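Structures given as structure tokens follow.
The same chain A turns up in both complexes below, where it pairs with chain B and then with chain C.
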Partner chain A sequence: MPKTKKVKSTITENGETREVEIEVPDVEVSWGKREDRKNVGSRMTRVDGADKVTGRAKYTYDIDLPGMLWGRILRSPHAKARITAIDLEPAKRMPGVKAAMTLKEAGATVRFAGDEVAAIAAVSPEVAEDAVRAIRVTYEPLPFVVKEDAARAPDAPRVLGNDRPNVEPGRARSEGDVNKAFAEAAAVVEAEYRAQARLHACLETHGHVVARQEDGGIKVWASTQAVHGTADEFAAIAGIPKDKVEVVCQHMGGGFGAKFGPGAEGRAAYELAKLAGAPVKLMLQRREESEAAGNAPSAIMKVKIAGAKDGTITGIEASGYGTGGIGGAGVPFPYIYKTGSQKVTQETVRTNIGPSNSMRAPGHPQASFLMESAVDELAYKLGLDPLELRMKNDPSALRQAEYKIGAERIGWKQHWNPTPGKGQGAKVRGVGVASATWGGGGGGGTQVDVKISRDGGVWVGVGTQDLGTGVRTFIAAIVADEFGLPREAVRPEVGSSKLGNSGGSGGSTTTPSVAPGVKMAAIQAKFDFLQALAKATNEPPDKVELLPGGVVTNGTKQLSWKEACKRLPVAGVSSRGTWVPELQQSGVGGVQFAHAEVDMETGRVRVLKIVCVQDCGIPMNKLTLESQMNGGMIQGLGFALTEDRIVDAQTGRLVNWNLDEYKLPGPWEMPVFEPIVYEYPEAKGVSGVAEPVVIPTASAIANAVYNACGARVRSLPLIPKHVLEAMGRVPGRESA
Partner chain B sequence: MKPFEYVRVKDARQAAQALGTERDQAKILAGGTDLLGEMKDYLVTPARLVNIKTIPNLDKIEHDDKKGLKLGALVTLSRLAEDKNVRERYTALAQAIDLSAMPQIRNAATIGGNLCQRPRCWYYRDEHTICLKKGGSKCYAVEGENQYHAILGGGPCYIVHPSDPAPALVALGARVVITDGTKTREVPLEQFFILPAQNVRRENILAQNEIITHVLVPAPAPGTRSVYLKEREKDSYDWALASAAVVVTPNAGSVGAARVVLGGVAPVPWRVAEAEKALVGQPLNPATLARAAEAALAGATPLEKNGYKVPLAQAVVRRALSLTMA
Partner chain C sequence: MARITELDVNGSREKIDVDAERTLLSVLRDDLDLTGAKYGCGEARCGACVVLMDGRPVPACVTSAGSAAGAKITTVEGLEQDGQLHPLQEAFLEVGAMQCGYCTPGMIMAGVALLRDNPDPDEAEIVRTLEGNLCRCGAYPRIVAAVRRAAGMLRGGGAA
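Then we have the complex of A and B:
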């Protein structure tokens, strides 16, 4: 009997995660040496790339079932109102309408424009649209408030009800004596910074196709970041066991943190399907997506920061607030740097706007802008290089190394503008820097299955989902490396809750949750394969060996992979592996540098180049990793330059829900991106970095803008309005 | 969606008949790039769409060295911008189109439709906000989110005209040919557009049963240079924060004649006679540019959030003028 050993892991069953000891083959559990990994860590194109570019890839939007109905939701046009009556009859009478239901009853209060009121299923999207518009709802409009400043006033209309204040205390920290720090400081900077609210702007909106099955179960196609979590929720909604629910998400059109469960639209789709006795597809329209499916909260903060002559930060005092609509808000603060003493208070301000949702590093990009702006100002006031000041106060050894690489790549010395605001002509240039921090470790519980069939096929299945990071590709790579097979020989399957458990794709946890499980499954499968082959060929197990290239040596006999597999039992070999902590690690850094140009006359900012230096432990696929870094920089660029969710105070309505006015950066806004993967020999495990790579982009750009133009733009985005105001070029609005 | 009748017409007379006289009951369909969006957003609910793309010969670009340019109203923006003669002699028009919308829209949008497009004001574009322009009692921009609204010519409504080609065509002295199939009139484009103070529900003088058949652009005087410059928050598809179309005819080292028309800052393409006066007879030096730019915005009355448009538009005017010397 070959040796096994016990290792610690966690498993998840029925939604509960617990620690367990699992028995695994007694081999070294590690990613091994870089030079021994043929696929893992190389630059691999996506295994599903061709599917995506040819349109073969099926997104939830593409699902079309026989007899399928189209769902639509009627939403409140009012920011706050009491529903006095709902009459579904006019809609029900319309030809083609198969189900109609209320989502709120008469007497209920709607709390934001876009709040769900009723839903329809009909034979076509057009009929469904007409039908929701035929529903008669009478509202008694109530006073509302949508601006965070106004909502803080004592006499502001109560957003969540008369018994709940609009302002609730949030995260607070206090350490040391800040007053002493300010009294003894060589320089003190005090200013207010404002980071705007944003929309996730997923190109594929939220939505589901729900089909009830003959066995009493349901199958749901969902645009989701969590097939298992969504299946748990649908099971609860339907009141059936989870094994009767299958949630499928083969491909995702963007989630960014806003798609972790059925939501009101998923519940409505299920109820409509039940009511109509037919499958229902309910995908949100763009307006609904913008109004109701999530947003990233604003963050406004007064910051007072003190520094010693040598650049040591000695104290920080900050009081801030932000709004996530009827949802929460808050930022991690202070951020990144050692600050000596600190005193921080925060408030969550409720407003009559759709609820916030987690968005790619929740709170961090905002915190970064508030903190990095203040730190930057302090450096200038002390007459120090902002990069040096950061290095002096940054406790992370990883970032210390990354600063040096990034400074070199951006050309910090060459492009540093010693006289901000002065340059040849109207266009001036400068550089800026900012930093990131994140966990990046995985969550336990991932269970991965490997099946080897007699035709030589290797199938790997795990109930994770590909949020866009290229999960299938690294799964195939890990297993191929373990068996010494070409990557193409391995068929990965993800995106179904019928597959082994894995967590939601949030918190940059997917790769560090999935990859260790896949590695363990591959180790187990190889072990099981050799056992089975030994048995089938009547050889002692220690005489059976798998060599690179997929060739099996059996004593002196050589078998090709295919020939060897033919000798397996009819059922082939089935193995399961479970996540172990040794193959992942937590605690990533990351720094970004920006080179930007400011037009002193128009206030227009153009970014020339962004350098992102990011560690991630052991990288799985450098190509998709760089792509993820580019994506982070692009999303950060939007936060910096153009994106701003604007709600009108008079109507309580989102004015720029449409993508022509909610300004995502486009091709012409793209600077040169330089994603640099920082690898270091001490790394033993894999970390996820979807989030750190979006955090510092806007801050680095804002700091570059100051270095260029000499005006500190304290309100994002860096649009001409804010830049010209900060320059004092707009009469009556001397500072933004 | 309200069911509508779809009618193809063969000539202006048929168009006039199909359009009728009851305002907005029937709408002209050409490129459809604005109309279909308006219908999907429930801003208009016409009972009939009158497709005028079936009218023959309105898709021609005709050049005459003396008479100038005769553009059929159905010429698409992309075809117009690709025309070599237009690029060379009516440069501001080609530049304005290059900076309009995005290629997909320019491939479908017609020049006639571009001049007749409705404002992009986000209050106007919201079905549930009944503003002055939609028969309501209030312009929400006055006390609201007015960062993109008018700083000139506003009141009681503060839209800005969304067209880029329009300021260029006004600067080039274009005229539009309008007909109801019986009576045909030729109007300077400058007078085609109307301010909210004249009629808050409309942006131009087109009657319900009229269509634009042609846009006529006179041949520029020898030596004339024209430039269109647009500032926006992003270059990949965005509306103008401020733009300027300038046409300058030199005369012995100084400016002989000049036209300065602003876009993105007023409810109509905003021609500024004061800026033109500041130029004529002067050499195009930095001092002249500064005076002209100053004069162009002298009448600006910004709202709470759009004061930045004043220095921005001044910069655009200065730069557009200096580019005529390039």
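Then we have the complex of A and C:
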């Protein structure tokens, strides 16, 4: 029976986070040796898997309440217009319409096609749809601009209003003398690279079910990446304390960074529920999801990069811009590699398009394409192997090891063409490489509760959410390992703001925020359990011990887990654990290699294989981890080959809003994926890697395309048009 | 307007009273509380709503209740028999063929239909069949592996 000690932690109560000293059992706080971890780090099937394969898993879209109404939003068809009149009466008069409200008043300006104008709640989705169409709105269309290049022109229509310019300065960096670097360089590459805007395309759209409760509170089912953050926001919207709000998200159909708060649709659902005096379900339809619920900004950059004969990068000068619609844009730049001197300027360009939102490693995949393309070009111009040049300029020890593993797995020596484009035949092949960087650490404030009942059940509750990464499963694994119990004996509960605080699932912070809290709660629960058992059985505490397999030695007797639990007080044992920093770590690397084929006649690119080598500190569950790595590569493949959010300059409307026109990778486009988890003995904590695994895929593919065909495609996606332009086979930007 | 008063769903005759023009997806989800089939796009472009009609996979979001009347409809909720998961459900679990799980019911129903027609599909056949089913999380390699595994389980004669 260990003594206790004090450690530093943070707790969050009523939305306020503060540093505290907490008392914990005086045991070594660590993940222990790999061989001692029975569940953690193994390949575990999901504890919620059965719910998902049987259709029992309830998503927000699946919630149905007695007397529930259906909400719909009327949206602007114009990219920019002044609303001159709104008449809700025709909708209100329709049978089955229970509430109608304006979201903008006459005189207001809509700034993108899809901007919210009014909302309806009705007895069925069909009636709500008809009612939205019955609302009479008159608009005075205004000049608009949806292309970033056009929006930069001095006489372009002002997107945000006459007092705000379309172009605003963004992140800038300056260090050393770039002109000196260019003057002394052995080679200089200067080119413009373009990365397109994308859609999150979550299969489950944004939305909520809002139900007012008898105690004056509200219960909200939300498709959200942050149950606690969303509860804070709904409390503010409703003007009630947070403890009167419960936000629930048991399962959610994808977020990828776009689902962090109520948004306009959540506020509308709340107001409609209040107006109608009934619960309201308001889920976005696909078109509004694509037009209004977020996108990833474009990034266009002129890059000039200098290198010495030995491959050392000596300077980089870059000026870039991008558009996130009426929202922001920008990339981290320079990226990954040491550059000697640097001079970088960036601009956010506003356009009359729905606002951008964070999307899985915000700005990084774009930055990766801009940087890795330029670095690759520099290597070839210097007559060097681009892999060697990267290793020369990459400061990360983790990636140094990962390059070697990845090069071996992709067959760099066999497949890399020293002279790209000299292959025989209509189809040529080549390989490319690119890298990732991310934090991956967790944040304080996660509080985890454990309850051990007299029937032997172990319940673990924490107010995080499972986006599909497998949070419930690793929670069960950590607690099971601590108690020496089978995983099935532990019942994890997440997805409610009534559970202990935890942060939003963004920045790959969920696992490193939740896992340490769970581990601490398990340590505390074990301590409390043994103490309670000693007391209940009148044994000295040092005679009570928990052995592997859930066997309890109680003095001279051995008890099974169930027998021991029967002796607990009626209320069982309740314990709480709080996040501590030493069980997580930050600063992950990651590299990816691609093997690709280019059809010289059609310009079609086919990816044959992608290797992803990714460190994550101590892995929690390799089955779900490798799945997430595959998923990162597949989303990266979409960025590389097919995804491109297209807004028409004439109409100002999103052309490809549905899921076939906005071309997501399907099963047909799949190459061979090799996810390799790089484990190393110095790792002491857990890191999240949802984001780094999506960053370098497109860049590695683009570099493989060059290595195959000898034409540098400087615009994503790598569609035949862009490839043929790069080859000089059709006129276009690339050959201009 | 024509009304539909009965649907044969998962082996049981369900009494309803709905407009024949309503979508099968809406009737299954909102009237019969069978929420396994999902809304993804509303235009048969993502496969999240796939159910079986007389054994054939159909996108329920563009299938009218009227056209479904008289047919035997199977949803993901109807695959489990006597507490035993369908081999494809088992295989999805074992290989971890899902992340968020929103596409899973549609994927499974499309896969079940394929396995009924072809007990030993090769990878190309599986991929062709599932081409209309999208997974934004990117679980495709494992989904294909799960169908292969289920095919093996079915040929072996047992549910794993």
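Going forward, the second predicted complex is superposed on the first by the 729 of 736 C-alpha atoms of A that agree within 3 Å, B and C clash if a C-alpha of one lies under 4 Å from a C-alpha of the other, contacts with A are read in each partner's own complex, and residues count from 1 in each chain.
Here is the rule we use: a contact is a pair of C-beta atoms (placed from the backbone, for glycine too) under 8 Å apart; a residue touches a chain by one contact, two chains touch by 3 or more.
This one's a predicted model, so the numbers in the text were calculated from it and none came from an experiment.
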Contacts of A:Asp660 with chain B and chain C, given as first, second, both or neither: both
Residues of chain A touched, compared between chain B and chain C (which is higher): C
First (chain B), second (chain C), both or neither touched by A:Trp668: both
First, second, both or neither for A:Leu641, with chain B first and chain C second: first
Touching partner for A:Ala649 - first (chain B), second (chain C), both, neither: first
Touched partner set for A:Gly468, first chain B, second chain C, both or neither: second
Chain B versus chain C as contact partner of A:Gly732, first or second or both or neither: first
Those residues of chain A which chain B touches in one complex and chain C touches in the other: 126, 658, 660, 665-668
Of chain A, residues touching chain B in the complex: 77, 113, 126, 129-130, 426, 599, 601-604, 641-642, 646, 648-651, 653, 655-656, 658, 660-661, 663, 665-669, 719-721, 724-725, 729-733
Contacting residues of chain C [partner chain A, same complex]: 22, 26, 29-30, 33-43, 45-46, 48, 75-77, 79-80, 85, 89, 92-94, 96, 98-105, 108, 126-128, 130-131, 133-144
Partner chain A, residues of chain B touching it in the complex: 1, 120, 122-123, 125-126, 128-129, 140, 143-145, 147, 231, 233-239, 241, 305-308, 310-312, 315-316, 318-319
Contact footprint of chain C on chain A as seen in their complex: 45-46, 48-59, 61-62, 64, 124-126, 201-205, 251-254, 256, 283, 285-286, 467-469, 623-624, 627-628, 630-635, 658-660, 664-668, 670, 673
